[in-house]
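Every chain is named by a letter (A, B, C, D, E, F, G, H, I and J) in the order it is written, and numbering of its residues begins at 1.
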Amino acid sequence: MLFHVRMNVHLPKDMPTAQADEIKAKEKAYFQKLQQDKVWRHIWRITGQYSNISIFDVESNQALHDLLQGLPLYPYMTLDIMPLNRHPSSIYDDDR
Amino acid sequence: MLFHVRMNVHLPKDMPTAQADEIKAKEKAYFQKLQQDKVWRHIWRITGQYSNISIFDVESNQALHDLLQGLPLYPYMTLDIMPLNRHPSSIYDDDR
Amino acid sequence: MLFHVRMNVHLPKDMPTAQADEIKAKEKAYFQKLQQDKVWRHIWRITGQYSNISIFDVESNQALHDLLQGLPLYPYMTLDIMPLNRHPSSIYDDDR
Amino acid sequence: MLFHVRMNVHLPKDMPTAQADEIKAKEKAYFQKLQQDKVWRHIWRITGQYSNISIFDVESNQALHDLLQGLPLYPYMTLDIMPLNRHPSSIYDDDR
Amino acid sequence: MLFHVRMNVHLPKDMPTAQADEIKAKEKAYFQKLQQDKVWRHIWRITGQYSNISIFDVESNQALHDLLQGLPLYPYMTLDIMPLNRHPSSIYDDDR
Amino acid sequence: MLFHVRMNVHLPKDMPTAQADEIKAKEKAYFQKLQQDKVWRHIWRITGQYSNISIFDVESNQALHDLLQGLPLYPYMTLDIMPLNRHPSSIYDDDR
Amino acid sequence: MLFHVRMNVHLPKDMPTAQADEIKAKEKAYFQKLQQDKVWRHIWRITGQYSNISIFDVESNQALHDLLQGLPLYPYMTLDIMPLNRHPSSIYDDDR
Amino acid sequence: MLFHVRMNVHLPKDMPTAQADEIKAKEKAYFQKLQQDKVWRHIWRITGQYSNISIFDVESNQALHDLLQGLPLYPYMTLDIMPLNRHPSSIYDDDR
Amino acid sequence: MLFHVRMNVHLPKDMPTAQADEIKAKEKAYFQKLQQDKVWRHIWRITGQYSNISIFDVESNQALHDLLQGLPLYPYMTLDIMPLNRHPSSIYDDDR
Amino acid sequence: MLFHVRMNVHLPKDMPTAQADEIKAKEKAYFQKLQQDKVWRHIWRITGQYSNISIFDVESNQALHDLLQGLPLYPYMTLDIMPLNRHPSSIYDDDR
C-alpha cells in the first residue's frame, strides 16, 4: 500500500557538526536498509530545499507510523502524508 | 530531468457525459503514449480525490510546458509543479 | 485500517428538491449498508455545518477510494482524508 | 454531548528525558481514568504525527475546558475543537 | 451553554427583491422569537459587513444545530462556531 | 461604541510562577475595574484555549487603544479587533 | 475618528456598460459629497488593481456602517476595515 | 510618488528598557525629520496593535528602500509595501 | 524604475474561440510595442501555468497603472505587483 | 534553462557583525563569479525587504540545487523556486 510523504528537515543551527553528521549517517543507513527491502520505494530531493518527496510501500498505517517514528531525523522533521492508490490508466506494474 | 506535478481535475458538473468520456479517452491515450516513451515516469491517484501525483522525466522546462499544455484535460486542471533532483542517499538508478 | 474523513457537502442551490431527495435517499441506504458491515465505523455531524466527520475501517487505500467514489453525494463533496492508527495509551478494543 | 478535538504536542527539544517521561506517565494515567469513565470516548494517533484525534462526551463546554486544562501535556499542546452532534442517518447508539 | 457564532450572508445578486424581502422578514421573526426566549442572547452587526456576531445560550450542541438549520437565511450563510464558557474573572451574571 | 476583541495569551514557558501570578492578579484587578465601569461589557473564555472574546464599549478608537495597551498581559497577547454596531433586528437595549 | 478601509470592486463581466457607467457616476457623486464634507478624508488607487485605500473620519462605527452601505458599488465590493488612531510621534494635525 | 506601508514592530521581550528607549528616540527623530520634509506624508497607529500605516512620497523605489533601511527600528520590523496612485475621482490635491 | 508583476490569466471557458483569438492578438501587439520601447523589459512563462512573470521599467506608479489597465487581457487577469530596485552586488547595467 | 528564485534572508539578530560581514563578502564574491559566467542572469532587491528576485540559467535541476546549496547565506535563507520558459510573444533573445 502506497503513501506519499514530504519530509522537511530543520536541524538547529547550533547543533555541533559532529552530532549532525552522526544523525545523518544513521539516517542514511536506516534509509538504505528500507530501500533494499523495497519499503522506501522512491526518494527525490526537492530542488533547492532541504526537503524530499518519498513513496513508501507498507502493510498498514501502523507500519508507516512506526517506520517514520524510527527515523533518526524524525525529531527535526515536519511531515505531510497522503495515501495513494493505483491510477486506472497506468500501464506500469511498479505504480500499484 | 525530473519534475513532480500534482494535477487536480475539475470537470464542470453540467458537461454532457459523452463529451466527458471523449476527453477522458483522449487523455488516456495521450498519457499511455508518454508512459511508453518513459516520459511520464509515474502516476498515482491521491486516495479519495480526483487528483493525481505524477513524475515526469523531460529534457527541459519548455518540454514539460508543451507536454502539459497538450493534455486534453488541461483546461479543466489546476497544477502544482516542483523540480526534483536525485537524493544523495538513493541506491536506485530509477530515481535519478 | 482506520481513516479519518471530513466530508463537506455543497448541493447546488438550483437542484430540484426531488432530485436532491433522491440522492440523499440513495446516500442513506449506501451509508447504512456500510455501517452494518462495520466499514463506516463512525459518523458525526459537525454542529451547524453541512459536514460530517467519519471513521472508516477498510482493507486498503484502494478500498477507501472505491468506497468514497461510490457515494451518491461524491460529486457534490470536498473531502479531507487522514490515515489513523491505534493510540498507544488507548484501553478500548474499538479504537484500533 | 460530543466534541471533536485535535491535539498537537510540541515538547521542547531540550526537555530532559526524565521530565518528559514523568509528564507522559501522568498524561497516560489521567487519560485512562477518563476512558474508564466513558468521557474520553475515542482516541486515535494521526499517522506519522505527534498528534491525536479525540472524541469527548461531556456535560458542558465548561466541563470540556476544565478537563483539557487539567491535561499534564496541556502547556505543550495546540488544540482544535469542534462541537459534534448525532448524524441523522447513523444506526449506532454509540455515535450520539 | 454559550456559543459564539459568526454568520456571513451571501444572497445571490439575481434573487428577486420580493423573495429577498420575504426571507429577511421570516428571519427577523424567527430571530426575535429566540431573543424573547433568551436563547439568542446577543447579536451585533460587524461594521461594514453583511455579517453578524451572535451569542447563543442553548441546552446542547444538538439544540444549536437544529436552531441554526432552521434559520430562513441558513442556505445563504457560512458559519463559524466556537464553544464558550465563563471567564474566571468575570463579575457579571450575564456572561456565564 | 462597541468593539469585538479576541485576545490570545502566550506566557513564556520559562516565566517564574511568582511573576506570572503577579501579572495575572494585576490583570484581574484592571479588568474588574473596567467591568464595574461598564467599559469591558462582556468577556468569555473560548473553550479549551487560553483566549477570550471580549466586548468593549468605549468613546473612541483612541480610548480602546489606550485601554488595551494598559493591560498587564498586553506584551504577551496577540489581538484581533473588529468594530461592531447595533443589529437592526435586535430587541435588546444592551446590544447597542 | 479614523478608519482605514480597503475596497475591492468586482463588477460582473456581463453587466451592460450603460448600467456600469450609471453606477460609477452615482458612486463618484456620492464620494465627492463625502470628500467635501471632510468625511472621506483620503482615497488612493492601489497600483494595478481595481481596489482603493480610503481613510474615513466619522462619528461612530454606526456612521461608518451606514456610509459604506450607501455606496452605489457596495453590492459589488469586498471590504477590509481597521480602526486607526493618532500616532504619538506625528507632527501633523491632519493625522489625528 | 506614493507608497502605502504597514510596519509591524516586534521588539525582543528581553531587550533592556534603556536600549529600547534609545532606539525609539532615534526612530522618532528620524521620523519627524522626514515628516518635515513632506516625505513621510501620513502615519496612523492601528488601534490595539504595535503597527502603523504610513504613506510615503518619494522619488523612486530606490529612495523608499534606502529610507526604510535607515529606520532605527528596521531590524525589528516586518513590512508590507504597496504602490499607490491618484484615484480618478479624488478632489484633493493632497492625494496625488 | 522597475516593477515585478505576475499575471494570471483566466479566460472564461465559454468565450468563443474567435473572440479569444482577437483579444490575444491585440494583447500581443500591445505587448510587442512596449517591448520595443524598452518598457516591458522581460517576460517569461511560468512552466505549466497560464501565468507570466514580467519586469516593467516605467516612470512612475501611475504610468504602470495606466499601462496595465490598457492590457486587452486586463479584465481576465489577477495581478501581483512588487516594486524592485537595484541589488547592491549586481554587476549588470541591465538590472538597475 | 531558466528558473525564478525568491530568496529571503534571515540573519540571527545576535550574529556578531564581523561574522555577518564575512558571510556577506563571501556571498558577493560567489554571486559575481556566477554573474560573469552568465548563470545568475538577473538579480533585483525587493523594495523594503531583505529579499531578492533572481533569474538563473542552468543546465539542469541538479545544477541549480548544487549552486543554491553552495551559497554562503544558504543556511539563513528561505527559497521559493519556479521553473520558467520562453513566452511565445517575447521578441528578446535574452528571455529564452
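Quick notes on this one:
By our rule, a residue touches a chain if its C-beta (ideal position, glycine included) is under 8 Å from a C-beta of that chain, and two chains touch if they have at least 3 such contacts.
Everything numeric in this text was worked out from a predicted model, so none of it was measured.
If you take chain A and chain D together, the chains in touch with both are C.
The set of chains touching chain C and also touching chain D is given as A, E.
Residue-number overlap of contact pairs with E-F passes half for only one option from A-J, A-D or C-D: C-D. Separating the centre of chain B from that of chain I, both taken as means of CA atoms, is a distance of 28 Å. In this assembly, the C-alpha centroid of chain C lies 47 Å from the C-alpha centroid of chain J. For this pair, chain A with chain I, the centres built from the Cα atoms lie 40 Å apart. Multi-chain contact residues, meaning those touching two or more other chains, occur in chain G at positions 2, 45, 47-48, 61-62, 64-65, 81-86.
The chain pairs satisfying the stated touch condition come to A-B, A-C, A-D, A-J, B-C, B-I, B-J, C-D, C-E, D-E, D-F, E-F, E-G, F-G, F-H, G-H, G-I, H-I, H-J, I-J. Contact residues on chain A toward chain C in their complex (touch as defined above): 1-3, 60-62, 64-65, 81-86. In the complex of the two chains, the chain E residues touching chain F come out as 2, 4, 27-28, 31-32, 35-36, 42-48, 52-53, 55, 82-92, 94-95. Residues 13, 45, 47-49 of chain D touch chain A in their complex.
Note for the complex: chain H touches chain J at residues 5, 12, 61-62, 64-65, 68-69, 75, 79, 81.
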